[in-house]
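The same subunit A turns up in both complexes below, where it pairs with subunit B and then with subunit C.
Now for the complex of A and B:
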């Protein structure tokens, strides 16, 4: 056997799991595609986001909150071992609302998350005057915001880099530019075939984003994900003014602003569109009028890995012992829990009690 | 500006003007969009409105542009100066910025004629104030009659550097020194192309004339310069280099760098046109057929933006691209198009005959393609060559992952200054080919635009 475990997919999900596995001393191969592959990780907004998640799915509310709670230790450990400053902070996050209906929906959603998390989720609804005390630059177009101290943010690209740097120092073989053509389930292991080589591993974990649909079929796993396009804008650096990450605008540590986000069903087209760029820009200016003269450095789009209900999928094959499929669109928020309990589970440890709730058989009802 | 045109040409240099004129002459309704206030592109910049008391010091090739610009102005073309194209997509939807407002227009056909940019010449200290590109110096001379101070040092390689030097000498600038970085090892390769280059003997004659005029001026010329670096605490104070085995230091406040030009491909790439690595010119250029059609239907690319060919060849290519649009739009039959193209191609071949010689003679030294570790590769985000090499050693697959890991290429220049260097560094560390490593994925806006303009708010 070449490796104990082969992780397919070098994005945030695969890298976090490979990192967790390597810390426990497993021999890991991390297979990745090339420079132009679809990479949700490179289009990530960088939020570690709890608020609103799981309003209709209690296990997700708890899972997310636990994941966010693991972040401070995860950040410290990565920074210490790699020297890469991820820019992680947890000042609490906000979602702005622009009309009464939006306010009511948000209020309702927050209350449900609180119930679903057995009261663990903390939040406040901030009316305009209160919001303005915290963010004086906000315009009167914003009637209020939800605020949760559980939310934070990080530079998602530096997170990916730190993980890769740590993998290099650990026992993980990072194998880029490998397209996995076939996976065979043999006695006691798997044989993977890529462009020009064969590789044997005791276990295999699919973390390949939307390509999990194809790879899952090779192992008899049904991983029902589809691409969901998100576009965002990035501006030049400006003086620091925004101390909270928000769902609409986030100021990075370097000072540039990320403006998001859109949700579109565009198949595998990860291009940007004038219409959405226009909408994002005009919304940002309506929230913060002084951004009118700030230059856009680039627009970006990436394909989210979306399951039918938007919640993660964690599954283990029932007939191919040692094969796992993992899919989610929250590679940053869930990074610490992926490196911890999820990595332990794929290595053969006891599953976290919530993991069973994320099996895709929930879609068969 | 109408909402839709049969043909939209981007760029009013030799190729763009020619393409628009050719199409207009065949009755096609054409819009030409150009960033500058006056037609002519960089090469003929301000040619019909020169601020110089004697524009002839810029040479006869420059003055040739007068006629071209005059004919362009007389043609039936909707010409929009001061109009910046900030995005173009594969459906030929054009987004422009005009009078501070963004608007869109559609086109049945597009000709991209955005010309060349200077090849970045990363050397340690090139980010210091006082260091500029020779091209920027030439624009100042053409458009504002501004010349550098007398201690200026010119460094690099290529015909444009020679031309620049001779123009400055004619304008009375006391050049301190010229540092020629052309590697001696280029010569044998270039000599093999000399016979072919005789087809365009006038170029050779002009080049010899430039070299002779520099020699007569007695400006010191240092040959085979290596280990070039700009030195200074806050601003440029001196240039250090090695010439033929000896170290030198020249105190100066102005250093002009130039190692040739490369196609400006960002607009074409934003539209998804495929680009390919050209090993002879060491640059990315769009994949084109013999009618200059790109891999995206309805988008043609002519002039230096399609591969460096020079002003006269660009003009001829513009005519070919124009003819192709006229044919595709149904105003010419295939036979008529082919017939008209015969003479153009014949002249074009003559102008292109010099290229293999120039490409091999002035092939940039590897020192500038894969600079030493302490060179700033990305000036916008301050990323060094050493940091890129470190990331490459992690197994990073290409420039896009390197960009994500280091912010290299994320700044306002959109990677124009670092894209080719990053790819070359990754290729060097990983023992791969640059063509295999690839280039940045180019995203809009390809030109600066504010949030207010983009959102029309």
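Now for the complex of A and C:
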């Protein structure tokens, strides 16, 4: 056997799991495609986001909250071992609302998340006057916001870099420019055929984002994900004013503003459109009018890895012992839980009690 | 510092950099003009280190200057004009006034 475990996909999900596995001493191959891949991990917004998640799915509320709770130690450990400052902070996050209906929906959503997390989720609904005390620059178009101290943000590119730096230093063979053409389930292991070689591994973990649909079929796993396009804008660096990450705008430690977020079904087209960029910019200016004179310096789109209900998928093949499929659109928020309990599970340890709730058999009718 | 080729020393136009008069050939970019005048045209707002024009094609954002009162202009993407007032940036861009403020 060449490796104990082959992880397919070198984005945030695959890298976090490979990192967790290497810490426990497993011999890991991390197979990454080239830049022809969609690379969702290089295009995301950088939120570690709890609020609102799992209002209709108690296991997801608990899973997300636990994952965010593991972040401070995960950040400290990565920073200490790599010297890369991820820019992680947890000042709490906000979502703005613009009318009575938005306020009521948000209020209802927050209350449900609190119930679903058995009271662990903390939040406040801030009316305009209270919101202004925390963010004086907010315009009168914003009638209020939900606030949760559980939320935070991070520089997602530094996160990816720190993880890869650790993989290079550890027991992981990072194998770039590998397209996995076939996977065969053999007695006691797997044989992977790539454009470059044949590899034998005891276990195989699919973390390849949208390509998990194809890879899953090779192992008889149904991983129902589709691309969901998000566009975002980056402005020039400006003086610090926004101390809280929000769903619509966040300010990086360096001073740039990131403006999102959009959700579109655009197939596999990861290009930007002026219509959506316009809408994002207008909304940001309606929240913070002084942004009107600020220049946008970059814009891009990335394809979220979306399951039918937006919740993650964690599955283990029942007929191919040692094959796992993992898919989610929250590679940043869930990074620490992927490096911890999920890595332990794919290595053969006991599953976290919530993992079974994310099996895709929930989509069966 | 870069020197201007003697063959293009006709058609010189005047601009100011932080209040000092300089001359450069008409038709070149503000970034090219800066290279004839100073080594660093700003300091990084992150590290505080000296920065100057680098890629000359709009990508690196290391040549940001304030031109005629407008901050954070990419000098390599702007053609030098007679009488331009160019100022180096000493900090991150301020939001209310559009001027710059010191980071520390």
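In this section, the second predicted complex is superposed on the first by the 364 of 365 C-alpha atoms of A that agree within 3 Å, B and C clash if a C-alpha of one lies under 4 Å from a C-alpha of the other, contacts with A are read in each partner's own complex, and residues count from 1 in each chain.
By our rule, contacts are C-beta pairs under 8 Å (C-beta built on N, C-alpha and C of every residue); 3 or more make two chains touch, one makes a residue touch a chain.
Quantities reported herein were computed from a predicted structural model and do not represent experimental measurements.
Enquirer: Let's test your reading of the overlay: on subunit A, do subunit B and subunit C clash or fit side by side?
Expert: Taken together on subunit A, subunit C would clash with subunit B, as the superposition shows.
Enquirer: Answer with first, second, both or neither: which of subunit B and subunit C does A:32 touch in the superposed model?
Expert: A:32 contacts subunit B only, not subunit C.
Enquirer: Kindly classify A:23 by the partners it touches after superposition: subunit B alone (first), subunit C alone (second), both, or neither?
Expert: Once the two structures are laid over each other on A, A:23 reaches no partner at all.
Enquirer: In the superposed arrangement, does A:226 touch subunit B (first), subunit C (second), both or neither?
Expert: A:226: touches no partner chain.
Enquirer: Taking the superposition as given, does A:282 touch the first partner, subunit B, the second, subunit C, both, or neither?
Expert: first
Enquirer: First (subunit B), second (subunit C), both or neither: which does A:255 touch?
Expert: The second partner, subunit C, only.
Enquirer: Please work out whether A:290 is in contact with subunit B alone, subunit C alone, both, or neither, and reply first, second, both or neither.
Expert: After superposing on A, A:290 lies in contact with subunit C but is clear of subunit B.
Enquirer: Is A:241 touching the first partner subunit B, the second partner subunit C, both, or neither of them?
Expert: second
Enquirer: Of the partners subunit B and subunit C, which touch A:299 in the superposed model: first, second, both, neither?
Expert: Once the two structures are laid over each other on A, A:299 reaches subunit B alone.
Enquirer: Please pick the stretch of subunit B from 60-68, 78-86, 96-104 or 132-140 that overlaps subunit C when the two structures are superposed.
Expert: Looking at 60-68, 78-86, 96-104 or 132-140, the stretch of subunit B that collides with subunit C is 132-140.
Enquirer: Please report the subunit A residues shared by its interface with subunit B and its interface with subunit C.
Expert: 236, 254, 291, 293-295, 297
Enquirer: For subunit C, which residues count as touching subunit A in their complex?
Expert: 45-46, 61, 64, 72, 92-96, 98, 101
Enquirer: Given the complex with subunit A, which residues does subunit B contribute to the contact?
Expert: Within the complex, subunit B contacts subunit A at residues 87, 89-90, 93, 95, 102, 104, 272, 391, 394-401, 404-407, 410-412, 414, 437-438, 441, 443-445, 448-452, 454-457.
Enquirer: Can you check the complex and tell me which residues of subunit A touch subunit B?
Expert: Interface residues on subunit A, with respect to subunit B: 32-36, 39, 41-42, 157-158, 160-161, 164-165, 168, 174-177, 233-236, 254, 259, 271-274, 277-286, 291-301.
Enquirer: Taking the touch rule as given, give the residues of subunit A at its contact with subunit C in the complex, in rising order.
Expert: 137, 236-241, 254-255, 290-291, 293-295, 297
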